[in-house]
Amino acid sequence: MSKDVKTPMLDDLEKGAWPSFVKEIKTAAKKSNTAHDLLGILERSYRDKVTHWKHGGIVGVLGYGGGVIGRYCDLPEEFPGVAHFHTVRINPPSGFYYTSKAMKELCDIWDKYGSGLTNLHGSTGDMVWLGTQTDKLEPIFAEITAKGWDLGGSGSCLRTPSSCVGKSRCEFSNIDTMDICHTLTHKFQDELHRPAFPYKFKIKVSGCANDCTAAVARADMSIIGTWRDNIRIDQAEVKNYASKMNIAEEIVGMCPTKCMSFDGGALKINDKDCNRCMHCINQMPKALRPGKEQGATIMLGGKAPIVTGALMSWVIVPFMKLEAPYDNLEDLIRKLWEWWDEHGKNRERIGELVDRMGMRSMLESTGLPPVPQMVKQPRTNPYVFWAPGEVQ
Amino acid sequence: MADKPKRITDLGSPDYKKFLPPVIAKNYGKWKYHEQLSKGTMKHVSETGDELYTVRIATPRLVSTDYIREMCDISEKYSGGYLRWTTRHNIEFFPAKDQMDALVADLKKRGHLVGGIGYGISNVVHTQGWIHCHTPATDASGVVKAVMDELHEYFTTKSLPARVRIALACCLNMCGAVHCSDIAILGIHRLPPKVNEATLANQCEIPTTIASCPTGAISPNPATKTVKIKAERCMYCGNCYTMCPSLPIADGAGDGISIYVGGKVSNARGPARMSKLVIPFLPNNPPRWPEVVKAVKHLVEVYAKDAKKHERMGEWIERIGWERFFKVTGIPFTYQHIDDFTFARDTFRMTPTFKWE
Amino acid sequence: MGTITVAGKTIEVDEDGFLANLDDWNMDVAKYFAEVEGIEMTDQHWEVVNFLRDYYKQYQIAPMIKILVKEIGKKLGPDKGNTKYLYELYPGGPAKQACKIAGLPKPTGCV
Amino acid sequence: MSKDVKTPMLDDLEKGAWPSFVKEIKTAAKKSNTAHDLLGILERSYRDKVTHWKHGGIVGVLGYGGGVIGRYCDLPEEFPGVAHFHTVRINPPSGFYYTSKAMKELCDIWDKYGSGLTNLHGSTGDMVWLGTQTDKLEPIFAEITAKGWDLGGSGSCLRTPSSCVGKSRCEFSNIDTMDICHTLTHKFQDELHRPAFPYKFKIKVSGCANDCTAAVARADMSIIGTWRDNIRIDQAEVKNYASKMNIAEEIVGMCPTKCMSFDGGALKINDKDCNRCMHCINQMPKALRPGKEQGATIMLGGKAPIVTGALMSWVIVPFMKLEAPYDNLEDLIRKLWEWWDEHGKNRERIGELVDRMGMRSMLESTGLPPVPQMVKQPRTNPYVFWAPGEVQ
Amino acid sequence: MADKPKRITDLGSPDYKKFLPPVIAKNYGKWKYHEQLSKGTMKHVSETGDELYTVRIATPRLVSTDYIREMCDISEKYSGGYLRWTTRHNIEFFPAKDQMDALVADLKKRGHLVGGIGYGISNVVHTQGWIHCHTPATDASGVVKAVMDELHEYFTTKSLPARVRIALACCLNMCGAVHCSDIAILGIHRLPPKVNEATLANQCEIPTTIASCPTGAISPNPATKTVKIKAERCMYCGNCYTMCPSLPIADGAGDGISIYVGGKVSNARGPARMSKLVIPFLPNNPPRWPEVVKAVKHLVEVYAKDAKKHERMGEWIERIGWERFFKVTGIPFTYQHIDDFTFARDTFRMTPTFKWE
Amino acid sequence: MGTITVAGKTIEVDEDGFLANLDDWNMDVAKYFAEVEGIEMTDQHWEVVNFLRDYYKQYQIAPMIKILVKEIGKKLGPDKGNTKYLYELYPGGPAKQACKIAGLPKPTGCV
């Protein structure tokens, strides 16, 4: 792209209070021809109202089946800098904590081989390096692994697991989300890098029902912390809150199970009826805390709409104790994969498979018992199957 | 290439423990409570009595290495060289108590938006759009920028009855959490793919292509060894294009944006739920998508005015009823709003009870 | 898009080096691709390629990896029926390298 | 069946407080051989735990395609009295009011030609005469028509419509259910007697959302009375109720829309928020009455599970004024039938057709506008169709 | 036969007005309020001041003409020769105020059960069973009799927190309102139909038979010109038998009863809803079906003890949660409870919130 | 079950008089059934029977009434394309009488 091509539309997006991605591309364009031509081709898309990226692209590093998204533009003559515009997915540390030192090292590598543009983070949670060429992939891989980093997932494999901030900073967390995420990532390196599943599989870990990593919507396996005993109450702090908020209306009145009462004195919770929704704890964190018998609800099946419609994960294990090294969880996941592998069609997410085959097949093959917590309600239709042995 | 024996592989993610600020490493799992100090700052207190201060700023997600270096520099100055990203693309610093004000001031001076905590609008979860993807029906970053330029005060200063999570996906693949957001901006195609007869047989597996169609609109075309698409059965999802490059679906005029509302993923007060269609189509109008910006702003404002405290957008709508939602927002109700996919029957109103005005 | 020349014939390929016209495939092309990918083709390599071609001819689709793995296990012994072994044969991955050498359409779908 | 066959199991069912159908069969058996053999074959079923009625049977009266259910037993030698055991469906008067005179006349006819056993009423609402022979059908028909009665529906036709007691005795009724039922029955005589639909079609009319005729579950077209203006309150009577019940808890606290308040003085209703559920009116009929701007919500699609699963009717017209001769309703029903006839597959109920084709086709062809009251919520999936003209 | 020219047809229903008691004819549409006087009697008061008294009794639905004549006689004696049937097979008389007590006494003396009004158990809506139908998996009248012999006091004297509507259908066709009842007793088959190769081709339309199967278990068997049934896809609905007499499905040992609860059709407090499976199978045990009687009684009693006033069975369960329902009733939760038909996904619990005990 | 004798041949029929073996049908049988049902067969009657037989041969099912009605309208004029006319031809109803005469299986399904 010749240096003086105009980008009037993009320029307009430099204005305004919200941080501007155009400014970022321009910054990178100062050093990188790739970033520079990205500006040009993007402006073209703004004009044409269509993408100028061609379909697919299959590139990668040796020994891995994923981690790089190949991309080519449809105007390589005009914008040679983005003729190749591959994306590299780097597996971030659990919880997205970084040191400036590590970050800067990564920036140096990226400036050396790529556009200098990145997404922090991609929707799955990867660090997404936007824009490099096929011949740079092996060198990038060599340099990042030398610094202790690895690629994330792409393709029909385990995708990069992710978690909320969990016990590192959040008092609500019932499980060590970051450690679970980290441990699983390491247990499943082969499944992450060498696609062999019917389709992608995502794992996300949230420490409580607030689900700050949106696991229920975006992960085939959603691990959500919860507790079994009683909410811990500090009545003195309840009093303090009472002076700041209308506990009867905002807390008691909005408790979905109507299991609380407050007469101005002590706050009472009928924990037997509480469903651990988190609302009261969220609003009065100084006064209320999750119980001490902590663990997780394991849910399965979350995904976007392709093909049979979006799903949110549903309960398959109401409560599981989760303590390092989480072998119980690993075991369950492996069993699930085995079943999915056995029955799944090409591009069939595990949730869709359960939906197609029925929960029973999955439960029998994983050894999980059927429990009412798996369903909103028992079936209404009378179309009930009986296994051969069940009818004499 | 195969003669590089010393390749390191399967390292996995680096150990998170290496990246934890000392106060976090020390108090890991011991946090007792937190307090929101301002829209962009909060304090967590540990059972040990230790305190952790957090300052949060917005990012455009798509950032340059220089931007990251700036953040690193700031973290070195105020946060011991530690920083983190949130699940919604914000950056957090962990200053000592006495560095809080200086950090906030410095960030603001540099033009960064401090905020995003508590009841308001946090960063927008979004996707690639015309920046990198092959299937978008709209851009991602540009729409987000236009919308947030208008709504940024809900990030920095203004409060709302509860969290309002905005997300954008540029096509029906819905990368991100669009299907469960308070306000979801979704790029849509509205014309069926065109069949590229010349290349299809070489580029595509016909059985896979047929299987990819959720509505069974695709059938083999044995004559040309390609496929036929029944236009009236196609709802433009683009999944066949994902499988088959010879079925391009993007169309400058047909493509645009639809808006869904009322989803959430948290289970506080009530279960997680999906977003529902409220505006079936708005045109792609770069660079500022004024129709989309106006619509989103309007939705936020009507909600802000009418909802009760703690009520997420979806909870508010469920309380007032969808009939009234359409009334108070002035959005017309159309055929498109009525589900007609496989599970449509579950969305039909099987009770004669509703509100009249 | 670009072209390659194999045995004197000019053949069109896409950016990733996959055939633009599947009919252009022949053993020479396969060997050419193998060379480009840095693969020294052994019988085991050919087993994979042949299976891919047969499968494609029969079903008009590339097999899912699990099917390929199972088949290879059947042909070459159970210790070789796993992804790891496939990556030993084809370090660039079965989808990228084996399909290319076998002259199948470029794999699509979720990346 | 020889007179001395034993029926020990049935005999046991003569005991007990609840009225016994066995006693009834025995009563009839004194006069009727058919009833007598019914006892025998039923006892046999009790022993074998299977029915002894053969499949189907297609009999009827001239000029009609329905109204009689043919039935033959599989043991005609043993039980010749029930070799034929056809059922005759008689269309009852709206509201199931009878005079003893009319009833006795019917009994006489039935004793003359049939088993003397009847169901009052069948689940659809017909008077069901159980057990006669093919050659008795025309005589029965001649005699009942002479007395002003007619057959009900069976087969793929309009089934006998039915209604709740409505304005004849119920103060809650917002429409004249009995008259609507009667008028529609008469408007649609041809559709009732000569099956020409893709499948059966049922109409039920309830005067309010209490739905005492279970229309929403059992009728393809469910007509449910409602009102648009405000609930009429008699505050003096509220006071009286206050002394008998806990209004705050039982009424205000159970109002689904939370639109009521009661401070011990006046009961306040925010009618704008009320959804006409009937609960408060049900509990305090002396104090509360439906408003005066009355009409009906028209709902479509209710049915049992065959084939695609049970459906409850859903709203297609939120509010329709219904005044004799109900031409607006007739017009809508005819349009719906036309659409169903055009598109329906064999044995596809209209609700299943709407579900299969989508609401739009039905709405466009009947001219009904789409309104939010038709749905619990707008669609969540993005699989949205656009008609050719809608996209330029 | 065709030479009977004077046939009268298409009369429709007789005019209901001919059958209305005078007080009703006069006050038609003018009723103002009603009062329940006892479990079997009530009074309606008109705007004109007129009063209407109603006395209700149970019937076995399957009645003889002699029974009807008895009712007619009673109506002549106490009710001006007028009587009516309710939508649930009860009979109502309309005595003048001063005849109320005599009527009630007379009815009781004759052994009739006065009751069924208000919060309790009214008559059981049911179907034909072995009395008349060709597809039943159980009897109808016998089961109802056995159940109500046990529960009749809830009709006559005992009250419940709200109405409990019991219904029975003897097969999956579900004639009646079984799918929306507080307690639904449903006859079920549990073995696939047998294919009668000898008769099928003559008795059945093969395409229609195939189309009748909700789960696609039936395929053509070209060899024999009949059909094949994939046993593992069959859920024994019997719809193929409805279409094809050569596919008998009844089986003495396989057949039995399942129980669904929590449905209703009224919209009071909350919308109408369907019944849900709670007991997948109980054996056919004529003449008194003790397992079924015990189960129904148990359900009523647990509900009676735990529900709040006005709470229908389904409302009660929704309040306490299904997990607790299974706990307090002691009913085991099995694979069968989990939906696996087309719309199953909507029944999966997509939230980690539930009660523990 | 019972039997009838037509043109000297004994033929099995069910309780409603429908053929137990569809192959037994021939014109004599049709005429016999018509007589039993009290129908004097005119050309119009035969139009219906023929259509039923043709339709059944082609689709292995009896047509839905709406299709029969439409067809009769096409063949005999629009004033005859209605159920009423069908019942004039076959007072016992098209399902019962016309199908029997046409030698189709006895109609099943919801009654």
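Order as written gives the chain letters A, B, C, D, E and F; numbering starts at 1 within each chain.
Here, contacts are C-beta pairs under 8 Å (C-beta built on N, C-alpha and C of every residue); 3 or more make two chains touch, one makes a residue touch a chain.
Here the structure is a predicted model, which is why all the values come from computation and not from measurement.
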item: Partner chains that subunit A and subunit C have in common; value: B
item: Intersection of the contact lists for subunit C and subunit D; value: A, B
item: Chain whose average C-alpha position is farthest from subunit E's own; value: C
item: Contact-richer chain pair [A-E vs E-F]; value: A-E
item: Approximate Å spacing (C-alpha centroids) for the pair subunit C, subunit F; value: 63
item: Averaged-CA centre spacing for the pair subunit C and subunit B, given as whole angstrom; value: 38
item: Chain centre separation (subunit D, subunit F; CA means) in Å; value: 33
item: Where subunit C touches two or more other chains, by residue; value: 61, 91, 106, 108-110
item: For subunit D, residues that touch 2 or more chains besides their own; value: 54-56, 62-64, 69, 190, 209, 216, 256, 277, 305, 309-310, 312, 346-347, 380-383
item: Touching two or more other chains - residue numbers and ranges from subunit E; value: 1-2, 172, 174, 179, 208, 214, 237, 242-243, 245, 253, 263, 267, 272, 274, 341-343, 345-346, 350-353
item: Complete list of chain pairs which touch one another; value: A-B, A-C, A-D, A-E, B-C, B-D, B-E, D-E, D-F, E-F
item: Partner subunit C, residues of subunit A touching it in the complex; value: 54-60, 62-66, 69-70, 72, 84, 154-156, 190, 194-200, 341, 346-347
item: In the complex with subunit B, residue positions of subunit D that touch it; value: 209, 216, 224, 226, 228, 256-257, 272-277, 297, 299, 301, 309, 311-315, 318-319, 355, 357-360, 363-364, 370-386, 390-392
item: Sites on subunit A touched by subunit D in the complex; value: 305, 309-310, 380-383
item: Complex contact set, residues of subunit C against subunit B; value: 19-22, 38-39, 59-62, 91, 105-106, 108-110
item: Residue numbers on subunit D that touch subunit E, as the complex places them; value: 9-10, 12-13, 15-25, 27-28, 35, 38, 42, 45-56, 62-64, 69, 71, 85, 87, 91-104, 107, 110-111, 116-121, 123, 125, 130-131, 138, 141-142, 145-146, 148-150, 160, 162, 164-165, 167-171, 173, 176, 178-179, 181-182, 185-186, 189-190, 192-193, 209-218, 250, 254-256, 277-279, 282-283, 285-286, 289, 304-310, 312, 345-347
